[in-house]
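First the structure, which I've put down as structure tokens, then a few questions once you've had a look.
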Amino acid sequence: MTIRYLTAGESHGKGLTAILEGIPAGVPITEAEINKELSRRQNTFGRGERQMHIEKDAVQLLSGIRFGQTIGDPITLFVKNKDWENWGKVMSLIEEDFDDKFSQLKARPGHADLAGVIKFARRDIRDILERASARETAARTAVGTVCRKFLSLFDIEIFSWVTEIGGVRATLPRLPIQEIARLAKESPVLCPQPKAAKAMMQKIMAAKKAGDSLGGVYEVVATGLPIGLGSFQQWDLKLDGLIAQALMSIQAHKGVEVGDGFALGRMKGSKANDEIFFKEKGQFFRKTNHAGGLEGGMSNGEPLVVRAVLKPIASLRNPLRSVNIRTKEEVSAEIVRSDIAPVAAAAVVGEAVVAITLAQEFKRKFGGDSLREMKDNFERYQRYVQSY
Amino acid sequence: MTIRYLTAGESHGKGLTAILEGIPAGVPITEAEINKELSRRQNTFGRGERQMHIEKDAVQLLSGIRFGQTIGDPITLFVKNKDWENWGKVMSLIEEDFDDKFSQLKARPGHADLAGVIKFARRDIRDILERASARETAARTAVGTVCRKFLSLFDIEIFSWVTEIGGVRATLPRLPIQEIARLAKESPVLCPQPKAAKAMMQKIMAAKKAGDSLGGVYEVVATGLPIGLGSFQQWDLKLDGLIAQALMSIQAHKGVEVGDGFALGRMKGSKANDEIFFKEKGQFFRKTNHAGGLEGGMSNGEPLVVRAVLKPIASLRNPLRSVNIRTKEEVSAEIVRSDIAPVAAAAVVGEAVVAITLAQEFKRKFGGDSLREMKDNFERYQRYVQSY
Amino acid sequence: MTIRYLTAGESHGKGLTAILEGIPAGVPITEAEINKELSRRQNTFGRGERQMHIEKDAVQLLSGIRFGQTIGDPITLFVKNKDWENWGKVMSLIEEDFDDKFSQLKARPGHADLAGVIKFARRDIRDILERASARETAARTAVGTVCRKFLSLFDIEIFSWVTEIGGVRATLPRLPIQEIARLAKESPVLCPQPKAAKAMMQKIMAAKKAGDSLGGVYEVVATGLPIGLGSFQQWDLKLDGLIAQALMSIQAHKGVEVGDGFALGRMKGSKANDEIFFKEKGQFFRKTNHAGGLEGGMSNGEPLVVRAVLKPIASLRNPLRSVNIRTKEEVSAEIVRSDIAPVAAAAVVGEAVVAITLAQEFKRKFGGDSLREMKDNFERYQRYVQSY
Amino acid sequence: MTIRYLTAGESHGKGLTAILEGIPAGVPITEAEINKELSRRQNTFGRGERQMHIEKDAVQLLSGIRFGQTIGDPITLFVKNKDWENWGKVMSLIEEDFDDKFSQLKARPGHADLAGVIKFARRDIRDILERASARETAARTAVGTVCRKFLSLFDIEIFSWVTEIGGVRATLPRLPIQEIARLAKESPVLCPQPKAAKAMMQKIMAAKKAGDSLGGVYEVVATGLPIGLGSFQQWDLKLDGLIAQALMSIQAHKGVEVGDGFALGRMKGSKANDEIFFKEKGQFFRKTNHAGGLEGGMSNGEPLVVRAVLKPIASLRNPLRSVNIRTKEEVSAEIVRSDIAPVAAAAVVGEAVVAITLAQEFKRKFGGDSLREMKDNFERYQRYVQSY
């Protein structure tokens, strides 16, 4: 079974639901493990008040888990919207509850608002913004946590850190990946370089004061990947393409890089590629990783390194100019409680979607319906790689 | 019918084949139109000798077209490999023709070679490089040309230009998109700024002399898109994600940006988003396009602007260090006739994959089986948008 | 957006969840409408006591609906398992609750039990039967009801009736489809011929007394389909194939027929095909419908007629011989409260899956994101067909 | 990589093309093996003259095979239309060649003709019939032969025989499957019971004389399937549904049965299900196979047994009544050279599509990119099943 998933749910509706299918039977998972990641997504510096105070997301596993482990069934993950009680009328199921005073008419630039109401022929922007909201990433984070737990049983680990916020760039310390990740986790902005982290937080405070917002860049790294996930055989099987799609599909993301990314466009071929060496013990290796662990659309055994950029959120306390979708009058965009610079939160979501994509490709390569069968398949492949 | 396609074929095999399905009946298309794009892909400055002299690709339409137009059937596109006669033995179908002296054993860094032979358990790198080669992009260019012809019937046009090669950056002239495209087409490196174009060509000449290679960046722009292609409803319906996948899946591509891309990470929210205005005649518009025409995973009516980076090709005349896959001895990588800086060629391929993705989303939104039906659906939607 | 859906949930878990995506914005739907179909599925003659007394399914719409209509978002449908309170320990999420005394070890013939525990490497048959149970069809019925409501807005109606139970065959009255459907709805076994209906019920009573079970055949008919749903262009686009898959994928279904089905194998070509005529008013028509409304994998404008057979349920009060999956000793199969002859219930599910498939193909042909846009596209196509 | 494929090509166009992707590297295959199956499809009793004399199909493998085996690349299969030279003008690519005298205006009942021209807005039925023709099954037969060769390396074998033509039913001899298959192959109508075979041929001769056609029923059996192909987890993963789709998608197929099929609707539960037993050596087994090897949507280790019905072909020498699509006058349907009773040919195609479906599910379960890796995965799973 291929791993696939769908999410559903509005930002102020009853909650977010995801159905995740194809995780093999026998993977241990608890609600607490998922809640830990949901909490990481919420409690980073740069998020708005709603995130920090109201939500405190908690997942309910409604299917697919029994006695602490997956049984092969589709897994239902439900994250209740804590705020729902206050929104019952505005988000009511019932036609009778309709009241045009709830309608939001001022389109926010930089959001799905305007294109959305036109595409779906709606007269109330709320019908659009509720689903287009980055609130949806809580569901993807929950799904991603199950996938990452599954991958961790094969010693595949996924990390992330913030490298840039509002123009402040961090220099990554020359340390092992796990060390960098540890430093990042100590920082409220998930930045592993303390000095840069401090400057980033100051930038965020200043932006908040000015009623403005900031974007930034984060990096996701995956270690322990076997050689040969993804394939060059067809355009839609290439792992770099699949990861780019997953990251770019996160709300407000506007760029994705693999390895040295855009910097490679300025390098010479003799410097930009990773020469191949061989260790006594029976393993190919590289001394550099410009390619970010991906060659020919496949994992090459080096750590996967990808980066993504988050644009500054368009919901501002000093709102942008816009138009009323009914009267067509010029207005100030709707003011919505919002984040200032959710780059660290985006990094957590980035980890999740990378985990999902890797789990999908891992399942595709190793097949199997139970953890036991997959481990058998995986371990023998790894021994074969050692002896190639 | 959804538009979908598969390509097949090896670099030195009999040829490349693609099957393209879902183009509505009634779209006029000729082999000559496709050959023109195949020629654009081949005849740009920075390509190697093979491209410039040997190939001269020509498509054969083996199905799906009758009396000059599509009839709704799957379209078969075949591009013969002109060089095939010289490779009959090496690429033979027949077991008896096997000769180990044909086997390529030196893995090239930066290619699918090493991960590929391990993944597919092969003992000859040729079994990998033949399909992993960027030669495959000729098939995608052919498919993309049919898609772009289809889109052009709805006044959707797709352009591209090179903005950077080997560190030389062009400044785009402040001209209408069609003008920039015209300037780019006049340049052997597809760069619309003559001064930069000249510097790029000098860089390429120098790299060639040094046995080295260069990468670069190009931009693809699509005009005339209706509001509302793509969707925010699910992660895999977002148009930005789909385009990122399409571009990143092109050989040697390592980064993708939408609109201002990574630069948005350094901007403030008050400057990074595109305020919304309304014209008398009944149309929403923007004065800026930081978002590159995509908001909330949907086209917003502004030109689509995406950029991609191509790493410098790893096949060098002064080859990199590598390993023999059988003996594990250190060797110099295989020397393969190759391009120096195929950035302009990549831009042509970039146009093609963007055309395919847009055609898919266009079909998804407007349905229909014949051009006539699609035009009806499209035109009424456009009138509705005008009157929204 | 293509219509797609996933269901999840175990028979005695917290409930069944479905996510349905791609229904256009603007379709009116209420929980009550769905509950009516859930109730039809439960309250037919031939079902076991659990169905008749315990469940009384009620759907909760957790997303996608606002003020009484769809807004284009994925719709979450949740059907709580009323019995869940009694199963909390057996179906617990928590590893600590594991107790081997809950484990079911006797494989039931005719079920997923044995193949399932082997495939998923489980040691307790409950890990399999919970999801494999026909309880899952409640979720598909809910999804199907939304799809049928959507289709009804285009005057497409779906009916069903039972034609055979336990060897008793009904002769369909020569009446209009709506009349036959009305008669069927008056019968506890959904059989439109009162005499046959009575005999069927007697058969069911006798089987119940004997601790045995019965199967049967039902027919699903859809009226109002436009010409040209489905396509002959590729094997997986043919509407007959898609409907056959949908019906055969229902639990315990072992055969599917379109139109005259297997009887066509005994007819001559001159009698088995439906001659074409033309009405003054501008419409092609047929006097016969051997083809069941499908020619060349497409709807041809005549009513869609399909039939499916349900084998007799394998869970018997006088259980079959089987094996203990751990000790391998011969045992009697587990006795599970079960239905006697759920043919009428299956017919309701059959209507649902046909509705889903037709909605998918309808959306594929007519595109559109809102009901308004789809109506525009549909109505113009219908006018075109009239004038062809 | 999932196995997927597309076919293309018109009946009188240049040829049929298929691209088949996902077959692992290392599978030996030759054009001769495929031609043998193409020949079986053509040379059965009951086919028309075109098949018997003109075509003599031969495949060309244009990609994916090197030195006698697959290398993991997509495989291109091309079957030239031998008759193409005579059709160059009628099927021309070039607009200039259009001549309305080539246009076919008389719709044939029982074909895609009428629904097709309306759906695709064509004015010439040839634009429809060329692709809708059963000629396309040559491509599926070629694809199926590669899949069956792949499966044979895991000792999975696929057989078929005809059980009914024009009302003449054969009684299957009580012999091992391989024996029945051997008998069937000796019969020109693929019927394993000589007496019935003779009667079938007489029926066909009589129908031919009368300018009429006949349908019939065939059975496909697959042996050696591991337990657990397919899955009950989601409606579209059920193996019975997938096989039903594959068979029903073959031209002129109107019904599909699994195991005892429709007869199960007349049996009691106590007789209709297959009791489970256990052999000393460590294997579960059944003494009956009413279920046709499928329980809970999965293979259960018993032979897979499916049946399909082919309606009598609608192209008759004594043509049916129909309508001219332009003038709307009543006409006799176009007379097209055609088969009388291609039931045996359909059985060969049935084997092919079952092979494709099983190969897809096999790959999904066992993963792997090379034959070596798949064999490792498969064999260990089989040992595990033995020891369950």
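By written order: A, B, C and D. Residues from 1 in each chain.
Keep this in mind: contacts are C-beta pairs under 8 Å (C-beta built on N, C-alpha and C of every residue); 3 or more make two chains touch, one makes a residue touch a chain.
Since the structure is predicted, the reported quantities are computational estimates derived from the model, not experimental observations.
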Intersection of the contact lists for chain C and chain D: A, B
Chain of greatest Cα-centre distance to chain B: C
More contacts between chains, A-C or A-D: A-C
Gap in Å, rounded to a whole number, between the CA centres of chain D and chain A: 44
Chain centre separation in whole Å, for chain C relative to chain A (CA means): 37
Chain C, residues touching no fewer than two other chains: 6-7, 21, 72-74, 119, 121, 131, 228, 231, 233-234, 369, 373, 384
Arrangement of touching chains [line / ring / star / complete / other]: complete
Residues on chain A engaged by chain D in the complex (per definition of touch): 1-2, 21, 72-74, 228, 231, 233-234, 237, 363-369, 373, 376-377, 380-381, 384
Of all residues in chain B, those that touch chain D in their complex: 4-10, 13-19, 21, 24-26, 28, 30-31, 61-69, 71-76, 78, 91-98, 119-122, 126-127, 130-131, 369-373
Residue numbers on chain A that touch chain B, as the complex places them: 6-7, 107, 109-119, 121, 128, 131-132, 140, 164-167, 207, 212-217, 227-228, 231-236, 238, 240-251, 253-262, 264-270, 272-278, 284, 286, 290-292, 295-301, 309-314, 316, 318, 320-323, 325, 328, 330, 333, 353, 384-385, 388
